[in-house]
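Chain nomenclature is as follows: A, B, C and D, assigned in order of appearance, with residue numbering initiated at 1 for each chain independently.
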Amino acid sequence: MDTLTSPTLFCLALACFATGALGALLLGKKDTAANVVGSVLAIAGAAIALIFSGAVLLEGTTQSFAADTSFPLISLSFSVDRLAAFFVLVISAVALLTSIYALGYVRHYYGKYSIGVLGCFYNIFIASMILVVTAHNALFFLIVWEIMSLASYFLVIYERREAASIRAGSLYFIMTHAGTAFIITAFLLMFREAGSFDFDAIHTGLATASPMTQSAIFVTALIGFGAKAGIIPLHIWLPSAHPAAPSHVSALMSGVMIKTGIFMLIRITLGLLPEVHLWWGLTVLVVGAVSSLLGVLYALSEHDLKRLLAYHSIENIGIILLGLGSALVFSSAGMNTLAALGLAAALFHTMNHATFKALLFLGAGSVIGATHTRNIEKYGGLIRLMPQTALFFLIGSMAISALPPLNGFFSEWLTFQSLFQGVTGFDVVTKLIFILSIGALAFTGGLAAACFVKAFGITFLARPRSNAASQAKETSPLLRLAMAAFALLIVGLGLFSGMVTRVLGEVAGDMAGLESAATPGSTPAGSAQFTTVSLLNGFAEISMPAVFAGIVTAFAAAALVFFLLTRQRTQAVAATWDCGTDLTPRMEITATGFSRSIITVMQGLMRPGSETEIEYHDANRYFPKTGTVNMGLNDIYRSFIYRPLQVITTTIAGYMRKLQSGNIHAYILYIFLTLIGLLAWLNFQS
Amino acid sequence: MAHFNSQTLLVFATIIFAASVFLHLTKKNTSAIRLYIVQSAAIAALLLASVEEFSPLLIVAIAATVAVKIFIAPYFFVNLTRRLDLKFSASTYMNTPMTLLVIAGLLALTQSDFFAPLSSLGRPGDRLLQLAFGTILISFLLSINRKGALSQILGILSLENGIVAFALFAGLEQSPGFQLGITFNILIWVVIATVFASMIFRKFGTLDVTRMRKLKD
Amino acid sequence: MLLLILIATPLIAILASLLIRSEAWLLEIIAMLAAPVEFIAVIGILIHVHSEESYDYGSFLAVDSLGAVVLLTVALVGLAAAFYSTGYLREEVRKEIIGFSRVRQYFVLFHLFLMAMFFAVVTLSPIMMWISIEATTLSTAFLISFYNKPSAMEAAWKYLIINSIGLLLGFFGTLLFLTPAAGEGAARFLDWQMLVDSAGSMNPMLVKIAFVFVLIGYGTKVGLAPMHTWLPDAHSKAPSPISAMLSGSLLNVALFAVLRFKMVTDAAIPPDYSRNLLIFFGMISILIPAFIIIVQKNYKRLFAYSSIEHMGIMALGFGFGGLGAFGALLHMIYHSLAKSVLFFSAGNVFLKYGSTKIAKVRGVLSTLPATGVILVTAFLAITGMPPFGIFITEMYILTAGAAEHLAVVTVVLVLLLLVFAGFLRHIVSIVFSKEEQAPLPAGGSGYLTTVPPALMLIIFVAAGVYLPEPVKTILSAAAALINGVGG
Amino acid sequence: MNMTTIILWTIQILLVPALAPLFIGVTRKIKARLQNRRGASVLQPYSDVWKLLHKDEVISRDASWIFRAAPYLIFATTLVIGASIPLFSTALANSLTGDFLVVVYLVALGTFLLALAGIDAGSALGGFGSSREMFVAALTEGGLILSLLTLALIGKTTNLAGIATAIGSVSFTSFTPIILAFISFSVAMLAETCRYPFDNPATHLELTMIHEAMILEYSGKRLALMEWASANKFLIFIAIGANLFFPHGIADSLALGPVLLGLALFAVKALLFAAAIAVIESSTAKLRIFRLPDLLFTSFVLSVIALGLVNV
């Protein structure tokens, strides 16, 4: 165990990524070699990190190690406590599988773009994410944080001949940089109190900070890390950036990168700041509720498969924040047990979302690879052509829709239970916010299911709607292997949720300020066994294996009974009933049509718009030839927040550039006025 | 200022100051150059007057200054105006009354209490430093107000004269070596500025520097 | 001795270049010999300064730790520019844009420019420093008008006039500082130490006025807004290696002058005064470029505005004091490296596309792969993206200001974001975008134009990862001098 | 586990599928009577299922394995739910799947599969049915969960049997939230079971049909399964409504007397529910689809108010 938790192993993992990055870059134009080196070393690094973090997580002792740099205030100090180990575990697990996927998936870039560059940034990206969650010095953290942004930026614009990728990349880079500005402000505020960038010193230094400062740190951190996590209204980069990246990178970005923002929010609110204020928790709850509800609504209106998935990331970040927000509220009231419960819910959902979102992105990658389009309306019937991909995608869809017995259901159940506790015992405002959060989570679950009926149904079921879809082929074995592994993880995490809850309970207990669990198997808020999870003295109990077994048994029994009853009956295969006309794929429901009713109901929130174009046969416009209706959403964030900001900036810039009028006399006048002005100021002062 | 009494000094200071004011008023290039010569001559006289004991290097330095300011620089300018056939350089941003008004304002500023620390550098009671400082500001104004390249050059040189006058009145003699260095600098500057002025005329067909407005954002 | 070598080498190079009648390659050889010699001399000086605090030669020339830092930037950029110039001018000659006499004129002025900068740093006399800095104006005026186009003339004229006025104001301020020291005895050699010693006896108000003049005067040369107006014009019209030297070394030399006077001022009155002024000008110098960069249409002007912004950041660092001064000095080194890389790359792009308009340049990554990569890296570096050093120094500066000037720090963070956003937009459009019309064939103008920026970039990246102990010692000593702790 | 327990558990598990068609029949019968028709026998649904089981099947060639597996899976979820809710004795509480969220999300699982099956055959009607089904289901979720949560908070447990036990002995002060929650639940129930004013369970022709549109392509045994599962769902919601909001008389032990009483009372309560639904169906018109959200949001808001009134 000691060797497994030693810094050496950690450094070995980093070395693997470094070698992978360099190796891929140096191999440059030799596509296959670069891909193999880049992906295999990423696999190796991720596997080592997985072992290391798993060992730390199970052993529970914090591993700290540091190296000095030649720069003042910066030290390469790492601290892997259980929380960090948990995130490393999630990151490396997802990275491991996406790297396997990459090994096969990257092939279609051969000869088009440099594989070496992809491998290089891919490895840097994974390594930087691991560093982000283990760094223990604010400046060091900022450096790796920005490297993470940088690497992901280059991965987003990897397909650099696509103008859309470049645009998405720029938006992403600017948004994440803006977020970093807020993060820097947060750390500078901490430095003011602590005089150091070391996390331990900050923790000590903040103990005496004024409530004002603490709240300022919280707000800046929420905005800064929220921008990375994709909370609404800071999410605008997410739906364009994630789709632009290669799919295995999208899986990493959506699955784990945005979670680093969550990690730091937990670290700062529950780790660095001395106490939690009630309104912080409520703010996080509101942000979470809004993000989850709006995220899923936007997803519903999407018909670009990857954008749809990206919007679901926003939704799931919202759900995670609901857990975290409840934890913060409980923590502010000193209810550490409940806080641990909320945090455990957030962590569990973090992990679950990583698995199913990664799976869905990989599935989307396979579908896009087979059909060469991201437009859902062009798919259809793929389940017959790509049966395995369809199965994996279905499992992912069911998990993300929180359907039992998969893992997504369990973490939402935990989140629900945590939120339930806030309805009682607080003042009326808090109570109402909790109730509405529960409502938001409930609606989110329903809407997510609706959205994935659409995503899965339109993509894989019925008849192909385009030539490309009817000629699709099942993807290569490596791709399916990675997806199968994710699908297994999803089922496994659902089935073994009791045991996972126990571990996460300990992680959350650490952060919520609980003593280590006294008896093995007991979580802070109850007990968690393989068979049952029981919370809050029996307030709620559940057994995921039983749910699983129940469904399977009932299914088997029903199938058996009905098979026996109807043995003699025949089955004929015939065309779908066509109401007397020839059915064409155009008669099937479209993705837009599928979700239009919900969008229409929510029009106050969503601002849908539609453009109609009709082409006529004749000049008098009596006989229409073709008609197209384009239904979409007006982007209210752009039109009400970002566009005005842009306009203001450009207007000021317009004034500024008039300073540089080209007239030398004006220039001399500036100097003259500055001189006179300063002299006058001196005069005024004395 | 061993050799002049305060009355004489005031006369020279006034000449220097007045020259800078008249530079604003004159329309003719030749008279502007002449005004500069007059101003430089006054400076030269002050320089001579400030010398307490002569050394060979000092003589060379003063001679160089006189040569550059009274002879070489004007020669270049006169040559320039002849060659380019430029008689007038009248165009300004502010009209004459307005210019005078601004000059009066600047003058009031230099006379205010605020410049007490500056004027305290000189002998108590006299107004020499104020006049010198006024010259500086008014020359500065010249290069803002006048559109012609030559006027700008003269404005800068007059500004330099003002600074020298200020230094002399405040009793800040420089070692002759530095003096020479500065003079050499000015000489080169005058040469370059003149060359540029003629090149500008060749490219733009005028010395009106407001025509050069291509470089902007 | 090293100081003498430092001054003499460019002088010899000037004379030797003047003698050459038609052999362009000899000019190149001279430049490529002189610059390394100067650089080695500077390294030697640095070693001395590291062990002995300062390095003197007679009573006229001396280099302390602050001077050493500035010398290092000048020599380093000079070295790279010498090699790059060779490649750049060869290409221009090949295209028959210039002839031999222009090449010779270029190299003579190049050496003169370097010599003036070296001298400005190593001289002990404020007056000599003024003369040297004026000499840099005069020597570069013709380099800026090198292409002899109307717009180049315009840039050169503005450069000449604005800087002359600025420097005259600086001269006036210098004279005011000299008043108490001069009172003790006429016509003697005055050095910085005497100014510091006698500053205490000055009227505080006079010190304040004097510093205003010096700051505005030399600040013009530094490019501090609103005296910066000459800078984008000059940088965009000068040949790229000269732009690199203007940004990478001349601005530093001018800032060095301001810092010298700051030290004198701080000896006379509490340092808050000079610091607040520096913060004020630093803020404006970040504010104006931050907005103009967004709507910039010319990539060389873009880089020039970035220089103004970075000078503002340095001024801010010195204004904040403490770790800020250390950060600002380190920033000076990093900025020189990164900005010269940017201008060299801009030169390559210009050689290829023949335009400095952003809209005319597309898909550099395809046509000039090496330059494209260098350009992107240098862009990330200059906008303060980790893992590059400028991020670290900016953090130092912001950290230093966080305690007392939190509002300023916050505003600066926003402005830096604007700079980043504006820069990103332009660089992306230059480097990544596809060409609409027939694309230019790939291929650059030889290794002499790509190796110097690449090497500078490597040095820059390395310096951002590891800061050698001696350099750190010198920087700390210089920061202590500026902060007024050691002196 | 003694013999009684095993027998009772068997009853618990089989009760819902066994009785579900009956209650469909009863509802139809009452409706018919209210509409002055004689109506079919209350056992007609059993005959329908039996008839369908003996028919051959036609399956669309466009349909995939999802179409084939969905009926079994949907039927299985109703079986699991039927076993998880309190029917006649709270002593048969199970702490494994008895959480109300499990039940709600198992219902959602069934809906999800049903909607997929509706799309699968590629008919124009099936897709619209699925779209509408998910539209209604998604908007129902909030009211359903919050109304049950009201009871859970009053009963201090989220286990359905536990809730039933607790609600049986609540003080008078909790009645208001319970009543509000019940109204909210009723709306959700009508929506989930495809009843008026949400859906017309008796039509195959209306363009607005929801549930029937999705199962339009089914025939033979799969159609039987679908119909049966839908009947199960109907009874499940009736049972939840009856036993959670009015748990009076439900057995709290496995003794014969209380269990028989519990069974009898359950039958009575369920009949009352069926009658009430029949009355509602006969006296209201089906709402336009875009009016449905108003009703569902009302249900949600009522639950929010109910929760606000809960004092624990």
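The criterion applied here is as follows: a contact is a pair of C-beta atoms (placed from the backbone, for glycine too) under 8 Å apart; a residue touches a chain by one contact, two chains touch by 3 or more.
What you see is a predicted model; the values in this text were computed from it and never measured.
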Neighbouring chains shared between chain A and chain C, ordered by label: B
Of A-B and A-D, pair with higher C-beta contact tally: A-D
Most distant chain from chain C, judged by the mean position of its C-alpha atoms: D
Distance from the mean Cα position of chain D to that of chain C, given in whole angstrom: 78
Centroid distance [mean C-alpha coordinates] between chain D and chain B, Å: 100
Cα-centroid distance, chain A relative to chain D, in whole angstrom: 35
Length of the line joining the C-alpha centres of chain A and chain B, rounded to whole Å: 69
Shared interface positions of chain C, touching two or more other chains: 157-158, 161, 165, 205, 209, 232, 292, 295
Shared interface positions of chain B, touching two or more other chains: 140, 143, 152, 209, 212, 214-215, 217
Complete list of chain pairs which touch one another: A-B, A-C, A-D, B-C
Chain C residues within the chain A interface of the complex: 157-158, 161-162, 165-166, 169, 205, 208-209, 212-213, 216, 220, 226-227, 229-230, 232, 277, 288, 291-292, 294-295, 323, 326, 365, 380, 385-387, 391-392, 395-396, 398-399, 402-403, 406, 409-410, 413-414, 416-418, 420-421, 424-425, 428, 432-434, 466-469, 472
Parts of chain C lying in touch with chain B, wherever the complex brings them together: 125, 127-128, 131, 134-135, 138, 141-142, 145, 148, 150-151, 153-158, 160-161, 164-165, 168, 171-172, 175-176, 178-179, 182-183, 186-189, 203, 205-206, 209, 232-233, 236-237, 292, 295-297, 301
Residue ranges of chain A in contact with chain C within the complex: 69-74, 139, 142-147, 150, 157, 160-161, 163, 166, 169-170, 173-174, 177-178, 181, 184-185, 188-189, 191-192, 649-650, 652-657, 659-660, 664, 666-668, 670-671, 674-675, 678-679, 682, 686
Chain B-facing residues of chain A, complex: 657, 660-665, 668-669, 672, 676, 679, 682-683, 686
In the complex with chain C, residue positions of chain B that touch it: 52, 116-118, 120-121, 136, 140, 143, 149, 152, 156, 159-160, 163, 166-167, 170-176, 178, 181-182, 185, 188-189, 192-193, 196, 199-200, 203-204, 209, 212, 214-215, 217
